[in-house]
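Chain naming follows the written order as A, B and C, and within any one chain the residues start at number 1.
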Amino acid sequence: MNDPILKIENITMQFGGVTAIKELSFEVKRGQIYGLIGPNGAGKTTIFNIITGNLTPTKGFVFFENEDITGTKPNKVVYKGIARTFQNIRLFKSMSVLENILIGFDAQANYSYFEAILRLPRFFQKEKEIRQKADELLKIFGIEEFANTNATALSYGNQRKVEIARALATNPKLLLLDEPAAGMNPNETAELSEIIHKIKKDFDLTILLIEHDMKFVNAMCDKLTVLDYGAKIFEGKPADAIVNEKVISAYLGDFNHA
Amino acid sequence: MNLDIFLQQLVNGASLGSMYALIAIGYTMVYGVLRLINFAHGDIMMVGAFLTFFATSAGIPFEVAVLIGIVGSAIIGILTDKIAYKPLRDAPKISLLITAIGISFFLENLFTVLFGSTPKAFKAPEYLTKIFHLGNIYLPISVIIIPTVTLLILAIVLWILYKTKYGMAIRALAFDIQTVKLMGIDADRIIMIVFMIGSALAAIGGVFYAVSYPSIDPLMGIIVGLKAFAAAVLGGIGSVGGAVVGGFILGFTEIFVVAMFPELGGYKDAFAFFFLILVLLFKPTGIMGQDLERGRF
Amino acid sequence: MKKIVRNIVLIVATLLFILYAQKHFDSYTLSILNNIAIFAILALSYNLINGVTGQFSLEPNGFVAIGAYFTAILLLPADTKVDMFALVDPAPIILQMKAQFLPAIIIGGIAASLVALLLSFPVFRVRGDYLAIVTLGFGFIIRIFAINNPAYTNGAMGLNDIPSNANFIWIGSIALLTFIVMLHIIYSKFGRAMKSVRDDEDAATAMGINTFKIKTYAFMTSAFFEGLGGGLLASMLTTITPDQFSFLLTFQLLIIIVLGGLGSMSGALIATILVMGGMEWLRFLDDNIILFGKDFGAHPGIRMVVFSILLIIMMLFARKGILGDKELFDYFKKKSK
């Protein structure tokens, strides 16, 4: 029970001549909010893509609940219990907020193609179930009024909420949030912080998040890893990270050549 | 098969392969920079042949007529991009593909209206159609000229791509269009050049086709275009060298399979399709195997 | 509750109209209605893979041909086949194939959807881009196969004297059924998944959707109904030849679904009527053109030039078509609870 829920073991990722990730290892314990931070281009989203199976690492392994899931296809990774959001919010543009969230419930709506076409009882039953669950999620995030609005019509902060709700609908154990606070004003960021804490508690989640905003990271994360040019330069508590020399110079360097 | 017939089919295959190669290059270059299958490209080949035909019928000397065909096709290719594709650069992919089909259909029907649907006899000058013989084989001289000229053209295209500023820009565009734009390069101008080169080559392919099978009709571009695209995929979409390799493989296959198994003659147009399916099943990146997410020419 | 009542009323009204029309309309009007209804079936199914799932395919003429040939062969009695096959003798299995009307057209549909399944593997595994080229080529291959296998298809001569069981009652009801099936798919998790694949395939995968499976479902469903439509076509026309199933058919369907709005089934219905009407109305363009007292002669092809320009203009300026990607019903729905 004390095993880490996620274990990144010696991951190296090379693209042609470029080494994006260099022998990275870290562990996330169940129930933690773990941060992955570092200057732009440090490889954070690349790690996410490796965990979710969008990329297969050149070397190394990803263990989830002690199972080797390295290179597992992205849609199968979701079944294992890992869900993610994207840096540049990727909601389904033609669909409403409700429909976006219902996509997350796709696996739970287990009726067959024929049952849908013939409108057999199981179709109605399962649709009702997932609608109810979707409504609950809408309430938790405070966006019930937008249920039937097209997803792109919402404010940026609300779109981010929809994206997280959609990921939550897949019933994950581990939630990967890629820069969830990006583009938000302080109010929205505070609200987001509250929501993340709440869903972690209510849904018994472990959260791995990528962020830039150090205040947000400080408030949220139990532990973090700092990356620079694909290598780990620090692992530990946020308070210690801020005063660490290597971390400071990495970020300062970022300001210089940004 | 004895040596004579083998040699004869070899040159026939080279000649046919050349035509496919010339047209395939245009497909592969446009796909490389725009990730678009330009359905209208095969019809550009038809346009080139018809413009040349029209010019010779009007009494213009053949060489000038060919030039008119090439320049005319290049212009139509550029116009196609400017009018139909450029406005849709940021639109969903499917919109571009639909528009390309629209252009293709438009050209086919326009030329049907202008020239009628019955095939026209294409009169090539004597120095291209003269039949010479080598031992027991009788060959039209075009069968030697076409591959030779094609290889020359290929050398020129590769020179442009690898030794000139524009060529480098084209290759960069295939690699990462966003970054190229950010570096201040006028992507639209480069794309225009790509269409110009591709269309000119297709027109030359069309003239070669017209010389070899001396009848042309407005629908001739469809099947040849389809096959040329299959050749481009076979060789590795995005790679000019691959387009040529694929073109020649297809040309040789068509000629030799039918020569060895005449009963398969009716199916020769289907070979390209089977190559396509095979490539997609076993090696989607084609023979020269470039992964287009890291695209290169 | 209100929705169910509304739907039942609409269905019953349509069925009554179909019965009435079959009984009272003259044969000319009926033939127009039959044409529209068959094209509606084809357009609705084409819309599923192209408009709803966003996979650009050019398959209809190929699958329609498969359905037409299977149905024709199943409907034709053995003696007729023996007499009709002029080039070579019909293959034994061709003589054995026999079925009643409804099973015959269903088998036509199933045959088409099985071919679709085969095509799915090379195409959907790799790049969706290639679907268009593969299906375009497929349409040509079907024609090549039909012409080169006279023992099975009577080659270029085609099949005639096909028993004509298809009347407006059959065709109209099947069109209605197709529309209902399509709506049932769209308003279900499968329709949502198809739209998600269209909108953002990577995000759909990231949410657990097996996009290969969804695309294949859509493709096979489209193929089934296109094959069904082909069977109806064969029975209605009583004569089929390989050249009938040319790219022109696919192009017309493409215009229809673009005009109606890619992804909108009710849009496709409306557009079918408009485009079929338009094709008839513009027929005069292909006849002798007399302008300012001068006879410019007949130039067949002008009509299609006009339609291609129309398509291009639509893509440039009115890409969303008449109903966008929503159904007619959605426009009457209240905004939110």
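Criterion: contacts are C-beta pairs under 8 Å (C-beta built on N, C-alpha and C of every residue); 3 or more make two chains touch, one makes a residue touch a chain.
This structure is a prediction, so every number in the text was calculated from the model and none was measured.
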Exercise for review: Could you find the chain whose CA centre sits the greatest distance from that of subunit C?
Suggested key: A
Check your understanding: When the mean CA coordinate of each chain is compared with the mean CA coordinate of the whole protein, which chain is closest?
Key -> C
Exercise for review: Go ahead and note the Å separation of the Cα centroids belonging to subunit B and subunit C.
Suggested key: 32
**Study point:** Distance between the centres, which are taken as Cα means, of subunit C and subunit A, whole angstrom
**Key:** 42
Review point. CA centre of subunit A versus CA centre of subunit B: separation in Å?
Key: 47
**Study point:** Footprint of subunit C on subunit B - complex, ascending
**Key:** 35, 37, 39, 84, 87-88, 91-95, 97-99, 101-103, 105-106, 109-110, 112-113, 117, 222-223, 226, 229-230, 233, 266-267, 269-270, 272-273, 276-277, 280-281, 284
Study note, to complete from the structure: In the complex, the residues of subunit C that touch subunit B are 50, 54, 56, 58, 121-123, 125-127, 129-130, 132-134, 136-138, 140-141, 144-145, 147-148, 247, 251, 254, 258, 262, 299-302, 304-305, 307-309, 311-312, 315-316, 319
Practice item. In the complex, go through subunit A and note every residue touching subunit C. Key: 52, 54, 73-75, 78-79, 83-84, 86, 90-95, 99, 102-107, 109, 111, 113, 116-119, 123, 127, 130, 145-149, 166-167, 170
Point to revise | Residue numbers on subunit C that touch subunit A, as the complex places them | key: 181, 184-185, 188-190, 192-193, 195-196, 198-200, 202-211, 217, 263, 325, 333, 335-337
